[in-house]
Amino acid sequence: GFAKIDQHRNLRTGYPEAIFCQGKTPEQVVAIVEKMMRSNTNIMATRASQETYELVKQMVPDAVYHEAARIIVIKRKELVVRDHYIAVVSAGTADIPVAEEAAVTAETIGNRVERIYDVGVAGIHRLFARLDLIRAANVIIVVAGMEGALASVVGGLVDKPVIAVPTSVGYGTSFGGISALLTMLNSCASGVGVVNIDNGFGAGYLASNINKLGYAE
Amino acid sequence: GFAKIDQHRNLRTGYPEAIFCQGKTPEQVVAIVEKMMRSNTNIMATRASQETYELVKQMVPDAVYHEAARIIVIKRKELVVRDHYIAVVSAGTADIPVAEEAAVTAETIGNRVERIYDVGVAGIHRLFARLDLIRAANVIIVVAGMEGALASVVGGLVDKPVIAVPTSVGYGTSFGGISALLTMLNSCASGVGVVNIDNGFGAGYLASNINKLGYAE
Amino acid sequence: GFAKIDQHRNLRTGYPEAIFCQGKTPEQVVAIVEKMMRSNTNIMATRASQETYELVKQMVPDAVYHEAARIIVIKRKELVVRDHYIAVVSAGTADIPVAEEAAVTAETIGNRVERIYDVGVAGIHRLFARLDLIRAANVIIVVAGMEGALASVVGGLVDKPVIAVPTSVGYGTSFGGISALLTMLNSCASGVGVVNIDNGFGAGYLASNINKLGYAE
Amino acid sequence: GFAKIDQHRNLRTGYPEAIFCQGKTPEQVVAIVEKMMRSNTNIMATRASQETYELVKQMVPDAVYHEAARIIVIKRKELVVRDHYIAVVSAGTADIPVAEEAAVTAETIGNRVERIYDVGVAGIHRLFARLDLIRAANVIIVVAGMEGALASVVGGLVDKPVIAVPTSVGYGTSFGGISALLTMLNSCASGVGVVNIDNGFGAGYLASNINKLGYAE
Amino acid sequence: GFAKIDQHRNLRTGYPEAIFCQGKTPEQVVAIVEKMMRSNTNIMATRASQETYELVKQMVPDAVYHEAARIIVIKRKELVVRDHYIAVVSAGTADIPVAEEAAVTAETIGNRVERIYDVGVAGIHRLFARLDLIRAANVIIVVAGMEGALASVVGGLVDKPVIAVPTSVGYGTSFGGISALLTMLNSCASGVGVVNIDNGFGAGYLASNINKLGYAE
Amino acid sequence: GFAKIDQHRNLRTGYPEAIFCQGKTPEQVVAIVEKMMRSNTNIMATRASQETYELVKQMVPDAVYHEAARIIVIKRKELVVRDHYIAVVSAGTADIPVAEEAAVTAETIGNRVERIYDVGVAGIHRLFARLDLIRAANVIIVVAGMEGALASVVGGLVDKPVIAVPTSVGYGTSFGGISALLTMLNSCASGVGVVNIDNGFGAGYLASNINKLGYAE
Amino acid sequence: GFAKIDQHRNLRTGYPEAIFCQGKTPEQVVAIVEKMMRSNTNIMATRASQETYELVKQMVPDAVYHEAARIIVIKRKELVVRDHYIAVVSAGTADIPVAEEAAVTAETIGNRVERIYDVGVAGIHRLFARLDLIRAANVIIVVAGMEGALASVVGGLVDKPVIAVPTSVGYGTSFGGISALLTMLNSCASGVGVVNIDNGFGAGYLASNINKLGYAE
Amino acid sequence: GFAKIDQHRNLRTGYPEAIFCQGKTPEQVVAIVEKMMRSNTNIMATRASQETYELVKQMVPDAVYHEAARIIVIKRKELVVRDHYIAVVSAGTADIPVAEEAAVTAETIGNRVERIYDVGVAGIHRLFARLDLIRAANVIIVVAGMEGALASVVGGLVDKPVIAVPTSVGYGTSFGGISALLTMLNSCASGVGVVNIDNGFGAGYLASNINKLGYAE
C-alpha cells in the first residue's frame, strides 16, 4: 500500500535523524536517542540543554555538544563534504545562537559552511568587506533580529538563493521577531525565502537541500 | 568607487528586467518599457491589466500577454532552457493566477516548468496521482490559499527545496492570506521557504535561482 | 419560576461534574470536590497538578489521576459504554497531553475511545496506515499544533463529524496555537468544527454529545 | 493504488456536489455546473448572485434559487428526509443570510430544518419562548454577529451538539466577525464547535453529518 | 494662574487618594502613604501584596487589608453612605478578585454595594434568581472573563447604566481578556460602558460617580 | 412564564424604538417603521441615508432628518426635558457626525444637551475656554478620533461620569479607530467608560441612563 | 486666563495654516480657505484632489497645485530660505507622493529641500552614489514602503537626525505600511524618529522644526 | 574601498561607544568593555544590572552607575556642554526609568538636560506649572506609558521638535506599550517623532543629534 510513500527518508538521503528537544525532558530525549541508535543513521538533537547533553553523553560517550548552537551531534558514519559552501551571514551578537543552529545543522547534514557574523546594516562597511566570500557561496542564509534589514541588503547584492531567518532578538515593537519576519517577507530584493522565527534548523536544512542540487551533477 | 557593487545584474545574469505594474498607470508602464528597450534585455511586466497590455503592444507589437498570470513578456533574445524543471503545485482553482505568475516568471527567466494544479488536500488522492512528476523536479513551488495545508503535505513527501506561496484566497479568518502564510511558516515538514502572500513572481525568481544551481556544473 | 430552565443537567444526563483547576489552589479544588461529593455524581477535575491530586486523594482515596491528561477522576457510579467510538487523532508527541485531555474526558463521560497518536502530516504514511480505524469511528477529534494541517487532511478523508483542537505546541509564528487555529477554521475540507486552543476537555465533551446521538435510538 | 482513498464521496454519501461561487464569474460557474451535470448527483452553488442564477437557469430550467441564502440548487434525485431535525437559531435580522446558507445547505443534503430567527440576547425572552423547539433538535446551529453571546447562552441551555457560526455583522471592534468568533471559541458553555466567519455552508454540512448519525441506526 | 484648574480634587470630592501598587516595591508604597498621611484624606492602595500590607501596617496600625480585592484601606474620616447601591455582578469564581477590586473601591469611596457573584451564562437560571436585586440598583458593574457574554445578557435585562469589566480569566483565544473586552464593546444591548481589562478600580470609581448623581438632589 | 422578563422596555421607559439602518435597504427600514407605528412610541432610525429619509417621509410626513447625525426622528408624544444636561465634547471637524449621533440620540430620549465641538488637544486653550460649561454637566460624552487624547484630558478635569467614544477618523496607524479606543481604555484619568468605535448612539443612550438618575429623585 | 497658552502659533512662527482635505468635500475646503484668507498667513491644503484645487483656484487665482504632493499652496508673504537643507530620500517610484508631501510641506514652511529619490536598498549602489549630498543635510527624511530597510541603512551612514516615514506601498504582509513602520521603529541604527504611515506632512513639519534650529543662532 | 564609508563615527563625533546589555551576561559585557577601553572613547552600557556594574567596576574603578537609568558610564575624556538643553518630560512614576535612560544618554553624549517628571495629563495643572522651562528647550523628549496622551498635549504647546517615547507601563489593553505608541504616532499635534517602546537610549541619542544642530553655528 503506502510503503511507496514512506521511503525511509533518512536512510535514503543520508540525512541525520533530528530530535527537537524544546519541551522534552532530558530523559525523554535520551529515550528517543536510544531508539534511533538501533538503526545506523547520524543523529542530531536541537534546542538541547547542557543538562540533556550530559545525560546523552552517559549513554553515547562520543556525542558532541555544539554549545552556541545548542545541538548535540552523534556521528555514526562519515559524510562526503564538497567544496561548494553555504554562507551563514548574521547581524548582531545576539543572533549568533540562531546562526549557529543553522550552520551546525548544515554541517551535520554534510555541507561546508562559511560564517560571516556581526555584519548588521548599522555599520554596513563590515558587510561590504566580506562581500566576495558571500557572493561565492551556493546559497546564503541571512540571520537577523530587530528590523531584519540585512536580508534585503544581502538579497540586493547577490544572485544566489537567499534563506532569511528572522530572530526573536529585540524588544518593544520587535514583537519577538515579527518585525524582522515582515521585513524579510516584504524584501524589495527578489529571491528571498523565509522560515519561521528562530528556525535555524529549518534554514540549514533547506539550504542543504539547495546546496546539494548545486553539485548533484 | 561603487561600480564594483553595481554589476549590471540583468546583463550579467541574462535575467529579464521586471516591472511591477500594480499602482502604476498604463502610461507609466509604457514609459518604463520604452526606457528599458534601449538596452538589449528581455522584459517582463507583472500584475499587468489587459488595458496596460494593449498600450504596450502598440509600441512593441510582439509583446505577449499571459492572461492568467497577468504578465506581459517582451522577448529580445532567446534563453537556453535545460531539462531540469520546476514543479508548480497548486491547491484550488482560485489559486491559479498566483501559480501562473510563478510559472510564467520562471519560464521567462529560462526554466522548464511543470504545472500540477487543483490538487488541494481536501481530495488528497489527486496529489498522490501526480507525485512522481513532483518528486522528479529540482525545486517545487507550492501555491495555496485558505489554510495552506498543501505545503506541509508536499514538504513531507519530497526531498527537494520547496518554495511555499500563500495566496489571499479565502474569506473570514483566512485574513487575506495570513492563515496560509502562518501554516507555511510553521510547516512541520522541514525544508520549506516562504514568500509574501500572492508573491508568485518572487517564488518563480527564487526557484529559478535554485534550479539553475542544479545544472550549473 | 426558573426551575424550568435549571434542569440539573448533570443528574439528568449522567455527565460528571467538572472542575477546571487552572488558577485554583489545591485547597480550593478540594473544597469544591467536597461540596460535589454531597450529590451522587461522578467528578472530574481537569488541568490538575500532581500536588492537587495528592490532596484530593487524602479525602477521596479511590480518586484516579490520569497523569498525561492531567485529569483527576472520581467515579461514584458506573456508566454504560457502547461499541460506537470516538477516534482521537494527534500529530506530534507534544500534542499528547491535549489529546489525552480529550480522550479521558470522553471516556469519563462514558464513551469508548480509540487513540491514533503521532500521525502528523510530515510523514503522512503513518496516517494512512491507521485510516480504517479512523473511518469507522462515529466522531473524530483531531489534535494538532504548529500548522495544524492534520485536521484538513483527516477532514478530507472521512465522512463523519470532525472536531479539531489546535494546540499551543510550536514556537515563533505558531503564536501559541493561533496558526493551528486558523488552519482549522479555514479547513478546505467541509465538516470540521473547532474548539479553543488546548481545549481537549471541550472537544471530548462535544464529541461525546455527538457520539451519544449515534446510538440514542 | 489510491482508488482506495478516493471513494467518490458524493456518490457514496448521497451528498450534493458543491460549488463556491465567490470569486468566480457566472460563466465559470455555468461551465462547472455543466461538467457536474454529466454525473447524476444533486448540485448546489453557494454565494451565487442573481446574475449567476439567471445564466444557470438558461441551461438548467428547473434550477431553484434560494435568494436569502444565495444558493442555487439543482435537484436530480430525491433524498429521504427523516423527522430528526437541525435547529438553526440566529440573533439579528442581518445574520439571516448566513443562517439561511446553513439551513438551505442542510436541507439540500437531506435534513429537516427548524428556523428560530431574531432571538438575540438583547431581548432574551424571545429565546426562552422558543426553547422547547430548540431543545428537541438533534443538533443546533447558532448564528450570531456583533458579540456573538447567543452561542454561549444557547450552549448553556441544551444537551445537544452546538455548531456556532460567527457572522461579519457589526462595525468597529466587531472586526468583521472576529469578536463573535472569539466569543464562540471561549464559550463558557461546553460542547460548542465553531466554524469560519460567515461559513453557513460549513455549519450546515457538519450539522448534517451529526444529524445523520442520530438516525443511522 | 492654574490654581483654577487644580482644585484639589480629593479634598473637594471626599474621594480617597489612590495608590497603584503594581510595579512599586513595598518600600515605595510606604513612602507614598507616609506623604499622603500629612493631609487628612482617606487612602486606598490597589494591587497591594500581603507583604506590602505588612509594611504599611507597621506605620499605620489600623490599615485594613481586603485580601480578595488586594486593596489596603486607611480610613481617616467617616463617609456618609446612602441606601442607593451599586450591584457588582460577576461570572465565575476566577473573576472574584476583579469584582472585589470594584466593590471595595466603591465602598471605600462611600457607596453601598451589593455582590451577585458566580452567575455566568453557562447556568443562566442563577442570574434570573437574583434579577430583582440587580434591577433595583442605581448602577450595575458586570465582571466577566472568557467570552464575557454576561455583560450583554445583563445589559438586555436592566434599564440602568451598566459598567462592564473584562477580566484576563481564560486561556488560548481569550487572549488575556481581549475576547471578553470585544464582547463588551460590541454588546448588542445598549447602555454599556467598558473599562480596561481587570480594571476593577476604574469601574468602581466610575460607578461611584454615577451612583452619587442618583442621590445628589 | 417569561412575561416577567419581557417588560416592554420602551413603553415603560418612554425611550424611543431605535432602528439601525446600516446594511438595510430603504425599503426594509420603511417596513420596520411601519410596524413600529402601530404602537404609540417615538421612533429613531440611526445611520440613515438621505434616500432612506425620503422614503420614510412619504409614509410619515412629519419625520425629521438630522443630517449631520444621520438620524431620522419620528416624534409621537412629547418628552419632559429637565435642566440637567449632557455635555458632548468633540475633538475635530471630522468627529462631528459621531458627536451628533450621540447628541441627537440623547435629545430624542429626552435630555438637554450642550455641544462643545472642535476642542482637540492640539490647541488645548480651546478646551479650557469651555471648561465651566463642561464641568456643570451631569455626564460628559467625549468624542475623538486619531489618538483620542481628549478623553484623558477631560477625564482629568471633571468629577462627573465620562463616556468616551473613539471615532474611525484618522489614517495609517489610527487603524480605523483602534488607536483612539486603546487610549480611552487606558486613560490615566479614572472614571471613563468606553463604547464601540463610532458608537455615538450607544454613548447617547448610556449618558441618558446616567443623566436621568441625576434627577430621578 | 489662557491667552498665555494660545499664542497664535502660526502668526508667531511664520508657519502656514494647514488644512487636511482627506474626508472633506471641495466645498468644505473652500469655506475653510476663505476663512483663513482673512488673516495674513500662508495657507497649504494637503491630500487635495485636482477637483478641490479647481474650486480653490476660482476663489484664489494664484493658488498653486503641487500635483505629485497633492498639496495646494497659497503664498501671501515671502519666507526667507537659508542654505541649510533637508534631504528627502525615498526608496521606490510608488513612494514619491509621500516624499513629495514631505518635501513640499518643508518648502512651504520656508526650507531648502534636496530630493534623492529611487535609491531603495535592492540596488544599494544608487544610494552610495548620492551619499555626499545626503550627509551634508541638516536633517534627513527617509520615505520607504514594503520592508522600509532604507531607513536603517541611511541611519547607519549619517550623523544627523533622521525622520523615517513608512508608506503604505506594498501588498500582502506589508499590511498597508505596518511592515515598514516596524522596521523603522526597530532600526538598529540609532537616531531615527518615526511618524505615522504616509505622513509626509508630519515629517516635513518636524524636519523643518529641526532644520530651523540649525541656523537659529 | 569602503574606508570612505566607515568613518570611525565615535572618534569623529565624540559620541561614546554604547553597549546594550539586555540579553548579555555580565562577563560578556566586561569583555566588550575591555576591548573598547583600548581606544580612547567614552563608554556607556545601557540596560545594565547592578551585578554587571559590580563586575565592570572591578576592571574600571571609576565607572559610574546611574541606577534609575540602569546605565554604566565610563568617562575617559571631558565633553564641552553648552547652555542649550534638552527637556525630558515624563508622565508617571513608573515611566522614570525610561526617562532617565533618555536623560543620562543625552548627558553622556554631552548635552545639558532638564528633567520635568510626573506631569501626566490626569492632573494637567502640573504640566502647565512647568511650561516655561519646557518651551525654552531646544528639543523635548516626552516619555509616557498607558495611553501616552502627554505627547499630544506637549506637542500642541511647543514649537520645537518633540521626540516621543512610549513606555511599557500599564496593563491589559496597554499591550506592553502599544497603546502609547499608537497615540504618539497618531498625535493630532504636528512635529512629533516616535521611537521604539521603552527606547530611552534612542530618544536621547536623536535629541542629542538635534540639540547639537542648534548650536553648531
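So that you can tell them apart, the chains are marked A, B, C, D, E, F, G and H in the order they are listed, and the count of residues begins at 1 in each.
Note that in this section contacts are C-beta pairs under 8 Å (C-beta built on N, C-alpha and C of every residue); 3 or more make two chains touch, one makes a residue touch a chain.
Because the structure is predicted, anything quoted here is derived from the model rather than measured.
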item	value
Common touching chains of chain H and chain B	A, G
Listed chain pair E-H, C-E or A-B that repeats interface C-D [over half of contact pairs the same by residue number]	A-B
Chain centre separation in whole Å, for chain F relative to chain A (CA means)	58
Intercentroid distance (Cα basis), chain G paired with chain B, Å	37
For chain B, residues that touch 2 or more chains besides their own	5, 123-124, 128, 157, 172-174, 178, 181, 185-186, 190, 196
Pairwise chain contacts, counting only pairs that touch as defined	A-B, A-C, A-G, A-H, B-C, B-D, B-G, C-D, C-E, D-E, D-F, E-F, E-H, F-G, F-H, G-H
Residues of chain A touching chain C in the complex	1-3, 5-6, 22-24, 166, 168, 176-178, 181, 196-199
Contacting residues of chain B [partner chain C, same complex]	91-92, 120-124, 146-149, 152-153, 155-157, 170, 172-175, 178-180, 182-190
Residues on chain E engaged by chain C in the complex (per definition of touch)	93-94, 123-126, 128-129, 169, 171-174
Chain A contact footprint on chain B (complex, rising order)	5, 9, 12-13, 18, 128, 131, 138-139, 157, 159-163, 181, 185-186, 190-196, 201-202, 205-206, 209-211, 213-217
